[in-house]
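Let me begin by presenting the structure, written as structure tokens, before commenting on it.
Letters are used for the chains, namely A, B, C and D, taken in the order the chains are written, and counting of residues starts over at 1 for each.
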């Protein structure tokens, strides 16, 4: 197995789009990469910062990406498998906030209304990593509550097709800002390669988030992340897929939310049909009775739905997705961990 | 505690709307009711039936309701608490099917397209209740798979407000055909009373279903169901709420799906704000980091989303919803079970 | 031709639902009816009224309906043709207002947000019927502007199918609160009959409105209206159709708005295919290049889109819709007018 | 006035994105440009072509753009005014077609279904420019119908903000593939400049189209187009605006369609409030009673709605939009035409 540690983040090299930017590093398929990411605010929002939260921010520079990584040999139509070995907060705190005209429960730039915005506010969370805890602290009263630490990346993807360059705030068939809590350690995500080298990047770490990310901002934090980039020739999925030890997962990112649901479910029906070698209608029926359907985000430029089917309900066939890539990468991750 | 066994179902007395029909029985608040329901097809679709599935059906008579029950003393603005003691299939089989122009992955009467319909087909499931199993059997190949039995009611609700009578195929703020797998035994659902007596009814039992009920039809089956109808004066919620031992749940039923999500989340933010006595913005933040957001149905006349927050994350305050009604009804159900 | 003048409105007899109410009058097919309607606020909102606008209103009693009329011989599946001979304001003023959490550019009960409502306000319009003018008067400055008088009914329809009773605030396949400015004098609307007698009613007169009725309230006013109820055996359309001298029009009422657009367009493709005796795909192509697609309302319980095709583009065939009913009713209306 | 004729189209220089491509020409503000565009299929689909329509196409190269044009002095935040002097078909025929899984009345890649696609088919239209006529010819029967020629550009816009490059198939706040029939000769479109030089391009000529472009393909044709690019310092609108002699128009491009409607209406309310110097709520009221709300497209990657208010209803103030730019450009266009 290859092993590579990416150089320290050079703030001048952060990127803000998927596509349209040059590779920051070139790796061989199978490389394990240990790197870090800035939080979605590029570190600008701090407890001691001067001014309101949005005065501290620069809205042109949100969701800074680490990468893109050029994967040698990756060609359009191939599959890039990304296995997250570990995702850990770099600091002992994170932050969420209410941005004006952003979030699911307010008028926004696209669900345009004439109402005044909700009041701007930040919430700071202390982390107790040893006890796996993120501390919620109410702003307007004394309430504190311990929440489970559950680190993940909101933004993970490759360069889009058709010569497009897309903001790191947008999710789509290239991945991007899907903001799904499923994108956690010990899962494998699969992306279709659209351009030579795939140009993978990641960012927007969350110490935890609810499904749908309803206020639009999770517990945002910088991350130290270890992942493996593996290349599978051909078989690139139409939309990003995720596999954990327990679930096969598909995603769809579009508006309205029912269309995101439709995409994720069509992808799952196709996947189950192929893996179990059953007819499309038999797969449609099976998915109908077995799927979980959580929202990922209902706040970004488009919305993301996830369709999850428990692998144990599908029998042995569910283990052979992408030729058993997930199981293989899990083993390699464990070997690496043991070697540290 | 009152205890009442409703008389056997009289097929001539089945109802097909919420509102617009006369009470079939009158009960005192606190009554435990043991009754049964027909499946959504009113028992017309059988393995040995002649003709195609839709030829066997009468589309005017879907989702037959047991009820309505008139609850003495219930007045508009009150809260009807419905605790499901047990929900058990009456027979050893259930059925799902593909109805033409129905389901999330096809053009329908409202997502109107010019495409030909998907082929009509039925799937029959054998139940092994002892082993808690529902057997999936592919139609086009030999595959069989054991799925967990997880019985629930798709259709549960009260008469709507404003003099409306709504088809038992429709979900809304009166409940109705929400098709949420959360409506299982050992949960308590809360509805706002809109008319004197509340006029509660239920039907559409599912041996199990996926979240979103993507093909539009679950594992449909007749049920023997025991439930308690309790009345809480005042405090009627704007939209149906559900409480289990582990979760507070809100629902929203409307199109598009993001609006159903919005409703469920606004309701949860309000509920958490009240229970924890924190500001609305603090509750918005807390819900954003803790909620689960599964689809219930994305196939009915309107769609239903659920917002779930784990009670253990909210601390002691989460136990006092509706004055501890859920815990109290759980105890009464257990006492009753012990007495059988 | 039959001719009947309905008795004066009896305020005790106003109805607030389509379906679920008894007929107020019985008429023979072909009857010309001269009646009147209250405004959507049942006359409660006046320039000199005490309290804020919403304090003057009773939200349980909006969109009072004149009717329903029982049409002799009308049976489920038939077509009820309603020809509007004239629609004229009863008074010399009308009113619009901003209702809290209502309208397209604010959070509402279904596009639920946590924002504060927009400020409540009423606008009163003076009518100059002789000059065909409705005077807009700004509230916060001196601006006045003459707008064309263009009277219509927001709420027109029959009893729905399936035993439903629907609020007069809701549009759907029975018609109801479609709020389309196309429902003006000299047009013919076609509805599928769902119950014996059809049970037609109308209300919610507007002196004029924009397409989409964006703030949710038009220039509301009581009307004196003359219309003919004609019965066509069979051929009941799936969704309400409208015909004027110049246009064939279809409607679709559902959310999201693209689904309303889809319904209206599928109905138009089918209609054009039948009238011109061309294939469905040829009709789809022809409609694609010739249709106008205005919004009717984007504010009610569901939204309504209209699809309009100029009759002159379709040739002679466009005149034979429903056997030339529109042309025939136009003539009868003119004869009646000449006789007055 | 400057006057410039762009060189003949060099097929090697066509562009397929807004943003992400280099300027093909540099012009001074005020320049009149006479150029030409290819049809959306880049001329690949012909009556005599071999193979099915989609075999003739290369889906990577749809909506080829003429441009981009770099406008000297244009800086982010400025307004680019584009006045269409004339738009005329280059050839005497055009073509429409049914693309598999594209259009509003079929399942698509985003409204994902399991239905089979509609049959693929092309329709060829003969033009009789002298008589202003486009001839519809049914494929499955002998029907022919003359339709009015009404030439326009489906794709008109500037480079987007945030470093994005967007496919010429996508509409958005930079303009792009809005597919609005309002983008015809003698109108002025206003765009916010997002990058130095604005980088304006255009393409996708339609000999005519229905509102909503329901099958997804208009009467596609190459165009000879004359337009003026004018620069207004500052004042860049959030979304593209259009002005004709008779109407002020705003656009919104997003899904679901009601959100596109919301955007267009919020922009119109703001515009009317500024021009008439009335309060936002007074403008909301005025727009509510005066606006027309046609769909532009309900088929592209996102949908576009237009909000139109007749200038004559707004009084003199409506003529001073952007300092009277439209009237001034109309005069310059007439002077140029007189000089030819």
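A few notes on this one:
The definition used in the following text is that contacts are C-beta pairs under 8 Å (C-beta built on N, C-alpha and C of every residue); 3 or more make two chains touch, one makes a residue touch a chain.
Bear in mind the structure is a predicted one, so any value in this text is a computation, not a measurement.
Ranked by distance of CA centroids from subunit B, the top chain is D. By number of C-beta pairs in contact, A-D leads over the other of A-C and A-D. With centres set at the average Cα position, the gap from subunit A to subunit B is 33 Å. The mean-CA centres of subunit A and subunit C are about 48 angstrom from one another, to the nearest whole unit. As a whole-number value, the distance joining the C-alpha centres of subunit A and subunit D reads 35 Å. Along subunit C, residues 105, 111-114, 118, 255-256, 262, 265-266, 269, 284 each make contact with two or more other chains.
Every residue of subunit C that touches subunit D in the complex is listed here, in rising order: 96, 98, 103-105, 118-119, 121, 123, 134, 136, 138-141, 143, 145, 147, 208-219, 255-258, 261-262, 265-266, 269, 276-279, 281-282, 284-295, 298, 303, 305, 307, 313-315. On subunit C, the positions that touch subunit A within their shared complex are 105-107, 111-118, 256. On subunit D, the positions that touch subunit A within their shared complex are 16-17, 19-21, 60, 109-114, 162-167, 238, 252, 254-256, 259, 262-263, 265-267, 269, 280, 284, 302.
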